[in-house]
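Have a look at the structure that comes next, please.
Order as written gives the chain letters A, B, C and D; numbering starts at 1 within each chain.
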């Protein structure tokens, strides 16, 4: 039974965690990486993916960089604000780590910023798309953001849709009252308008609402051509089902922030058909290995096979994102020849690798982030049982198909 | 053959001792009455027999089996069924559902249809009301339902706790006739009754309970030979409860003279209803300044409701109340306290987690508009504590006191508010008899010091010994008013208070 | 096109769901006077039970419901025996905290067993709908509504006509008198706790194909259930039924007819609750509650 | 620098001191018979008032705490007035509704509160963690002092009397509504203070954080573990709860068992220490004394 397999994997995962954190200190020199993650509490899904990605990355380097043993200091932030602050403080002030990865959920990353400022170690943030976070870390050279900014979710689909269906179409937006929906609404509005769409409705739903039909019915009255849903997976599942059932007759459905796209599809079933979303990573894409570091950045299918073998499940976005981010950090440390954070930062900025997430290269953004990687997203559509990449043109393997 | 035997039973609540070595037997097929004043421990006896209260000592043997520590629900299955005090019907269930629950345990369930027919035959009114929710029945109907429900359990021993409580005389007669009928069917009955006349009318034997012990056992022979049960019973009560009899004449004379022409409290046309029930009706009473007024009447006569109306716990449906010439109905209890009205409660309302002295200090602290300091309050409570005789228990938690002591504590607390008018609601209940005499002296002293007192009391001799003027209430109305001597002489009052005798038919 | 018929239908269907969310809570409180802060976790386990049986054995949530209810009732039994029974006479705060702790434990056990991944069951009917009289009728919601009303009515009928149901009512109304009838009060407490847990699991099963299943789904359902129970009059099953629909109509109405209403709906519902508490502290059908 | 503590110790101090304030505040209200299930409401308004008055008016922490406490007290007064005679579970539920209602308001007024996205404390106004810790500790000490001072005034008598029997207390001249207003204002101000300081430490707030119902739960854990209605109990209990939570997080957190272990510890404490630590000790002490005196 699969339930038992879940337990087995959790136990194994726990043991691995123990191994990583609790390994007996050798005489060997040590590089310490702080990992404040959502290991329990309501964002545990992000934390456990982050933990898996880290484990894979440590494994890829056989636990050693530049002759130093990698020691990952996992800290459970319990999905709470205070937990994030405490864990950051503990890692920065007591453990004196110079390298941090995590947390992932937007609110918790935001909460961790003030604590990070105390000592400003090299911080890899594989989460948080909110522009308020971009503002908060504008000009900070030690922050490496490896997750797309909010607009990345909207520019791609907006441009892709404009290219496919022409201008002047009507767009309705349904968004949740949580951090995600609120922060994305202005971006979505801006980029769809810029791409030549007309916003005809914006409707708000409560996070965890049991019924979203009222908002959908109000949207139906405006007869839009495109419906954009700005909400996270939990609400995304409900809204997809309700849209399907309500037979709104909207030909184009765009979902945003479904980082667990496969999970979402599994949960929604048939109602996922026709949905378009922008993703930074999706299992099953044909991404070749990096020519220089094929062992660390293997071809997507090899990495995914290894992941599936180890965890008995397909990798999701954050698995891949944290793996790639951590692997890039380790590589930079290796190239810097040790744990000097300034040198590592410089090496990271100079890095240019081919990863499962696309090109691994840090560049500044117009919004003020100094080091930004993987801002590019590609647009996919679920058509029948297949997932078709429709944008950018260079990567696409199919065409948009409006829902009948 | 003995069906139920209680020996050396001891029981109480929290720290207080209510039953103190009680012995009692009920024979097979016998009807036994358990008599006694309020607080003597009658209902507690019932609770111990049915297992609602675990005794701290002694034995309960039923049908030859020691059931002392059986849980309540097992005893019902053994055939002990109680019609509890205050009926305790299930208000949101229909009459028939109530009755079906009476035969919940398997032994009774098998005969449910048959039992139903039987109780409907006994109480035809219940058949008529079978679909009605029990909460909407009248008091008499609820009483019948409670009895019928107990019968549904096919009792070997039927316990009836105050079946006459709050019933009109007409219904009373129906109820007691039914009890007689039940007795004829061979079920043993143990009857607790305040209405001694009625109880002894149906019982073959009677016990008088006082302070948790049986003080008198009246046999069937005595019953038949004694022409005037009332006298016997009255004498017994007076002897047990009042060793040093206080004469009616020994009233404080000083107060008598000091009667002020303007009454301190004037009640005019007071009326209060609860749903359909009229608790107080068209009641007018004057309390003169420095008077000691007694209010008596059977249970359910509206005495406590009257105090609640005066102190603002209840709002009158009609009528007016004036204190010192000012209209006060509609004011809140704390306003009344500030205006100099103090009160004790019928059911103990001390603050159990506070020490005795803290209880009384609370009384001293907030009573008047001008706030006093804690030290001052500490000083002020010394006298009330000494008066009631609790000065040696000041640091004890109030919750651990015996019932009588808690009553004293409430008196001290009320005194600490320095009232002009003191309202006492059965302040003697639960006190051992030595204390009753002592408390009477205390009340006399308080009165002599200038406090006006309105006192409700079940112990008739106490009221007779203290009050200058007595008001008798029945069914919420004033039945009689006069001096203690007049009250004792009035046959109407005696009948109301001690019940109408029924002849054995 | 008017939204009115759709509004009425949505409110009605939501009301059914709310009713099921609250009715178990109401039963538990009405009988034992304990606010079950772990009730949300019973709902969550019910949802996971339905999900697992659907995914691994292909059993429809409606068919697996009895099995799931039985399993969760068993969890309820364990919680009662190990914890609740010891605090039956303790102050409310102790009970609340104890059950909160139990909820925390159950929630984290669920994370360990099921992981934090979002799940949902997909059945043929959960995605089907048809148009009638200008209303789009979602079959999944209709079925959940039917399950909900069926179970609530079933509960009411069971409480009314079965021997044990009446005994449970008796315990709720007059604890001492119930003992006198030969009713084992603790046993009745246990039965109501287990039935309440089973109803919670049914809620979860009914929600499993409509909403998202996560280990943390319980808490906000609990808060909603709470509001309904209080509005209905703490422990009155009939009152709970009324309150559920009142709340559903208020929330849906605000969502339909107020700009940004979807966000304010919950606040308005809470305002209604506060108002009712102040004006009529015993709720719609409050009865036999000592305060 | 007021004292030379490491940042981790500062973190613990801030946690512990804020829990102490919450516990004392909750216990104060509970002492008067008002069981609150909505302490997060006070905490939350304190948090937002402190952040907003700092960001919009440029007030430094110490000054921003004044409006925070005032608004917290005002909310307490409001609660006391609207709940009137509600007691026990009804009062508890209305506080819960209040807290949830405020959360909805915070979410729905993004222009003012930052809405679901949250809001940062102006970084220029932020001060070192040791200062925050110092202020929090001072606050904790003051709240303990206030609770102690109240226990030596007539209020203590009124509160306990109201808790035991509000109706009987009225007959002694105690006007419940007056005392309710005062006690809730005080408790509200205390909890708002804790929230206001805490946000200075975290530097960020959103509605979920400010009106987190877990704050309410934490506020109760202290008194219950330590001994409800006592002076020392809530303090001891709050410190212990922080210790338990930290220990569970440190020892079991990396394996994902942190909250599980914490839940187990909580359940065990409530089952086997029903009167709390201090309450248990007091009982032991009285029992011992009686034994010595040869009483039963």
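The definition used in the following text is that a contact is a pair of C-beta atoms (placed from the backbone, for glycine too) under 8 Å apart; a residue touches a chain by one contact, two chains touch by 3 or more.
Quick caveat, the model's predicted, so the values are computed rather than measured.
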item: Chain pair showing more contacts of the two, C-D and B-D; value: C-D
item: Approximate Å spacing (C-alpha centroids) for the pair chain C, chain D; value: 30
item: Distance between the centres, which are taken as Cα means, of chain D and chain B, whole angstrom; value: 45
item: Rounded Å distance, chain A centre to chain D centre (Cα mean); value: 37
item: Residues of chain C touching at least two other chains; value: 108, 111-112, 260, 263, 266
item: For chain D, residues that touch 2 or more chains besides their own; value: 107-108, 256-257, 259-260
item: Per-residue multi-chain contacts in chain B, two or more chains; value: none
item: Listing of all chain pairs that touch each other, if any do; value: A-C, A-D, B-C, B-D, C-D
item: Interface residues, chain D side, partner chain C - complex; value: 30, 35, 37, 82-90, 92-94, 96-98, 100-101, 104-105, 107-108, 213, 217, 220-221, 224, 228, 256-257, 259-260, 262-264, 266-267, 270-271, 274
item: Residues of chain D that touch chain A when the two form their complex; value: 6-8, 10-11, 15, 107-108, 110, 115-118, 120-121, 123, 126, 129, 198, 201-204, 206, 208-209, 212, 214, 249, 253-260
item: Complex contact set, residues of chain A against chain C; value: 1-3, 6-7, 10, 40-45, 48, 177, 203-206, 208-215, 217-218, 221, 233-235, 237-238, 241-242, 244-247, 260, 263-264, 266-271
item: In the complex, chain B residues that touch chain C; value: 50-52, 71-77, 81-82, 84, 88-93, 97, 100-102, 104-105, 108-109, 149-150, 153
item: Complex contacts: residues of chain A adjacent to chain D; value: 10, 13-14, 17-18, 21, 39-41, 44, 48, 74-76, 78, 80-83, 85-86, 89-90, 92-94, 107, 110-111, 113-115, 117-118, 130, 132, 136, 176-183, 207
